[in-house]
Amino acid sequence: MMFASDNAGPAAPELMQAVIAANEGPSMPYGNDPLTASVRARVREIFEAPSAEVFLVATGTAANALALGALVEPWQTVFCHRNAHIEEDECGAPEFYTGGAKLTLLEGDHAKIDPAGFARALTFTARAGVHNVQKGALSITQATELGAVYTPAEVRALADIARAEGLPVHMDGTRFSNAVARLGCTPAELTWKAGVDVLCLGASKCGAMAAEAVIFFDADEAKTWEFQLRRKRGGHLFSKMRYVAAQMDRWLADGLWLDLAGRANAAADRLAAGLGEGNLATLLHPVDANALFASLPRSAHQRLHGAGAKYYLWPFDQPLEGPGDEMLSCRLVCNWATSQAEVDAFLAAARG
Amino acid sequence: MMFASDNAGPAAPELMQAVIAANEGPSMPYGNDPLTASVRARVREIFEAPSAEVFLVATGTAANALALGALVEPWQTVFCHRNAHIEEDECGAPEFYTGGAKLTLLEGDHAKIDPAGFARALTFTARAGVHNVQKGALSITQATELGAVYTPAEVRALADIARAEGLPVHMDGTRFSNAVARLGCTPAELTWKAGVDVLCLGASKCGAMAAEAVIFFDADEAKTWEFQLRRKRGGHLFSKMRYVAAQMDRWLADGLWLDLAGRANAAADRLAAGLGEGNLATLLHPVDANALFASLPRSAHQRLHGAGAKYYLWPFDQPLEGPGDEMLSCRLVCNWATSQAEVDAFLAAARG
Amino acid sequence: MMFASDNAGPAAPELMQAVIAANEGPSMPYGNDPLTASVRARVREIFEAPSAEVFLVATGTAANALALGALVEPWQTVFCHRNAHIEEDECGAPEFYTGGAKLTLLEGDHAKIDPAGFARALTFTARAGVHNVQKGALSITQATELGAVYTPAEVRALADIARAEGLPVHMDGTRFSNAVARLGCTPAELTWKAGVDVLCLGASKCGAMAAEAVIFFDADEAKTWEFQLRRKRGGHLFSKMRYVAAQMDRWLADGLWLDLAGRANAAADRLAAGLGEGNLATLLHPVDANALFASLPRSAHQRLHGAGAKYYLWPFDQPLEGPGDEMLSCRLVCNWATSQAEVDAFLAAARG
Amino acid sequence: MMFASDNAGPAAPELMQAVIAANEGPSMPYGNDPLTASVRARVREIFEAPSAEVFLVATGTAANALALGALVEPWQTVFCHRNAHIEEDECGAPEFYTGGAKLTLLEGDHAKIDPAGFARALTFTARAGVHNVQKGALSITQATELGAVYTPAEVRALADIARAEGLPVHMDGTRFSNAVARLGCTPAELTWKAGVDVLCLGASKCGAMAAEAVIFFDADEAKTWEFQLRRKRGGHLFSKMRYVAAQMDRWLADGLWLDLAGRANAAADRLAAGLGEGNLATLLHPVDANALFASLPRSAHQRLHGAGAKYYLWPFDQPLEGPGDEMLSCRLVCNWATSQAEVDAFLAAARG
């Protein structure tokens, strides 16, 4: 019963086989290998973006921070939701890679940025003279840290505001596959067609060991060369790139990435439905992707912990032990390998 | 005939099997897994360093730059050889991770630091007042970028000078395994017993897909916690750490790391011996590890390239095409999988 | 009628004379001069802090950013008010000098930090593991950007919370002199006795051309040496320090600093009183120091602009021209040289 | 007998009077004042550069580091002489302001860069792929740290090499006035006409209290706006700019800057001539500007120290006390206020 994080799940066997297959004989290092080229071709096809440039790294934090470093100057600010991963969970990596840019924190339900609030923040920052940090970029997390998903129209609404100010749009797509699998739209509709300039496409949380693609939909050569220098300078250029590429290549082949994401989403749906029966729990956010945020009575949490379920009370500082049986909120994350049996065992333990 | 880099070699099958084995079921992320714990235990045992702390990353540049970031302040300088990887091949990663420290370049044959020159450089820097960059750390590359190896006594000679000034000693051990395999000394003798404070132990060039260990032999808790924050902030904390750990764990088990390194060294020896026969080539540096630097006639290089041999003229800017048959220098790197047949084919092509 | 900023005021003639006097003959550079030593002695005496260390720079932004750089690590955050100068008006200088630390923005009336909100923010940040930016320091602005002043008890209430978490306390004292002149307490009571570790004491806005002192009340030698390196590295170590020192030395002598600040405060009081008569304006914040924030009818603003009064509508983006006569808010800042006649002329123009 | 540094000299009375005059009444802050505008106009006229942009700061280190920050990226390198002030005496300020760029050290007599060596260094760096720090800019120090001066032809020779590689050319003109005064050429001939893109023009060492101008001869608006943000972010934007501007404005008026520089040069000439008489000393470098480097017998140094002469043995670590009477080298710097009497007293003391 592992619901602590999608990071806790295994890699998909198809990807492991691809890595084994990639291990035959020598191969030129640093991305000068056929698998890296294949990933580029797949991304261009899947995203209907023939001039997209694609760079591989191995962690989502590296992808986000390197992308933001390429988009903003040190004296600029990145507009993002208060709960964005880049704000809350990367130990300041965006600040490090941008050379000290700010993050301007926006509000919005379910960790989705409220467009009106974004527009207001831009107006306020618009006064910016030489004393002020300048407007830099917009960063959207898809799916959000609270398990919600932006529709293409919602992405476009935000991107339009950004672009009207000349700001590039970054998408933290750590769980982009979950969003596409849920929405049923095309990857292009959810990204460049909606105004996204750079997508960090994450496979690590959904079937890979460690593979992330930074996709520039329409960058010039100088910009992508600069990105490559930043990647190397950050220590994120893999000598034996073929093993990262093999994962991403297989993940993107034959729709496997959406299949895996769909499985995680389905497990979350089953869990949500089960928690909803008999008012076992209150769902705190829409279950658009593979994560649930729910409130359960303390007694239910105690039973679950006793039964060995792994997940986090959210926020962390709620005491599992205590006199009353009040509701405590928690985060439950499914991954591609979460089984129906695992979900059902969780529900049974919660019910007691 | 792949002699371009040890990076071009495959991963050892034992490590691939270990990665597959690590993929069973869920596992807590970010290094809170049994394999990461096992790596720590192995390092402590192999290095006879029960209080060593061990942190895993996936590239040698990340390992070096993070380690140096932990050792020096932005206003300090790292003493290293002019040909060190941290100076020549990391696109300024040490400057990035240290927040802008300098590298003071030292001389010495075969890319080994000359102790007298190091002492002189310290004397010169000793005048350092508030206007001057301050002394920060010593960095030793083992084996060197020119294929030479420091003996324990040579390491100690340099480390003693550094320590007399209060400077910590970093070892870039990308090819540390090749050095130990050659010298036959213990890992401890070549590191902390000789005065090394932090070792970046590389497996990526010698049998792993991507696995590097940063080993602090005697750091306090504040320092190693800071290192972990730096690692996360740099985007180098892997969520699914088990796959990196699995490689390093297997590499260190049962002496495999030295076995693999020994194979690469033996291939280099065979190549060196063959090149020496009949004065086919002039060796430019001692062949202490797995790399050779040799001069061959242009005609030999042309034959080799025609036969499909992969390697670099060194320096790069020598023209392969040209009227005369002058000697052109090159770098030839063997890896653990370089076969005798491959070496012999190379020699045959060189002879014509 | 200059009310745009206290920066717009002249330097006090006493300070100009001191600078002229300092220009006699040669003097050792970089602070190795008698005037710099005299400043240190004066600060120690005035602040009853015999072990305080004092470093001079020439801008308030430099003072704040260098001080914060010395107090926090790149992966930490500075708690400050949302309206603090370090957040709003330094173009990211704190981020630059800290190597990319965050600022965590707190709320509170009149730009004074609400202690309960600070405590809550600390609790939230308390969960900080390796993924999170760590708690770094508290920064208090005295007087605030909205013209309010913290009492010694209010400073202590905030500092106690910070210190309970092990956080150092920084005070942006650009208008510290105005606060002391208003409160009538001792400088020590408002700083180290209330828990402040580092004070940036500004003279530039109150009678100097350009002189700011960074005062460490109880720093060890390593810390203050590091600060000196940071100052030099930031380009803020003046070769001809005597001219900066001469200003600060004279400013601190014979209570001149409090005299000048008191004059600015008195001008603000007179202006506030005048605006209060006949409900000419609504004061938006307490007038504790030398700045007023007030709402006046658009017609009054138009008259004032017509009469040549210099000040800013606050926020900037309110249109001076418009159909109705609604209230527009503005900022009015007095300086030590603001005359009664200037205030009275302003009031007369406002009344029309 | 002050020969320790030109920094030790006083400010010229004309500049002090200008500062006093600038103190009349209020003035808009941050450079929005008439004196700052006047400086811009004077620079444009004196340098025959009607589109030049001019920004004032107060220290030479700030000027150099901010200018280099605007010219190079963090992953690039600045080519400069091994003895350049930016390498030896700024505590890593260039590294700080560039975000971690390197300095590639070049050789050449009298701290003048040897063009052939520069060309070689570029060739070597030309191989630069993604692993390598990229070529960034050339920095020339005029006059050099060893008192020599580049002719316009020498500047052009270096700049031509740089420009052929697309590199911008920075000139550290801390003692540019001394060079122009010596050469008798026009300021334009020694800068933009010879290929210089950015000049840091220093007045602080030659008659000002603290005033330096960063001059972009042909920068676009985006670049100079960025420079202004960098200056503010570095804490180098003065609120009361008029006082810095007043100094620079007066310095540049009526040829005063060249008059003052000429006086310092003449004092150095007199000193050199005197030391040459009777082989009292050996001059180590040409005396092109206001500094001498000379070897004198230890006994002469002892007499001079006894007589109260202030100067540095150069390098610092030569022992003034010792058994023999060997030659010890020293640096002697004259400033605009160095009198003939002072020089003659020095000579007399040296002679004994």
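Going by the order they are written in, the chains are A, B, C and D; count residues from 1 in each one.
Simple rule for what comes next: a contact is a pair of C-beta atoms (placed from the backbone, for glycine too) under 8 Å apart; a residue touches a chain by one contact, two chains touch by 3 or more.
Because the structure is predicted, anything quoted here is derived from the model rather than measured.
Novice: Compare the CA centroid of chain C with every other chain's and tell me the farthest one.
Specialist: The chain lying farthest from chain C is B.
Novice: A-D versus A-B: which has more C-beta pairs touching?
Specialist: Top pair by contacting C-beta pairs is A-B.
Novice: Counting only Cα atoms for the centres, state how far chain A is from chain C in Å.
Specialist: Centres of chain A and chain C (C-alpha means) sit 42 Å apart.
Novice: Would you kindly tell me how far, in whole Å, the mean C-alpha position of chain B lies from that of chain A?
Specialist: Using C-alpha averages as centres, the distance is 34 Å.
Novice: When the C-alpha atoms of chain A and chain D are each averaged to a single point, how far apart are the two points in Å?
Specialist: Distance between chain centres, rounded to whole Å: 51 Å.
Novice: If a residue has to touch 2 or more other chains to count, which residues of chain C qualify?
Specialist: 30, 74-75, 90-92, 96, 99, 130-131, 229, 232-233, 237
Novice: For the complex, which residues does chain B have touching chain A?
Specialist: Interface residues on the chain B side: 2, 4-5, 7-11, 13, 16, 19-20, 23-30, 57-63, 65-66, 90-93, 96-97, 204-205, 209-210, 229, 232-240, 243-244, 310, 335, 337.
Novice: Taking the touch rule as given, give the residues of chain D at its contact with chain B in the complex, in rising order.
Specialist: So the residues of chain D in touch with chain B come to 74-75, 88-92, 95-96, 98-103, 105, 123-124, 126-127, 130-133, 315-317.
Novice: Please give the residue numbers of chain C that touch chain B in the complex, ascending.
Specialist: Touching chain B from chain C are residues 30, 73-75, 99, 130-131, 134, 226, 228-230, 232-233, 237.
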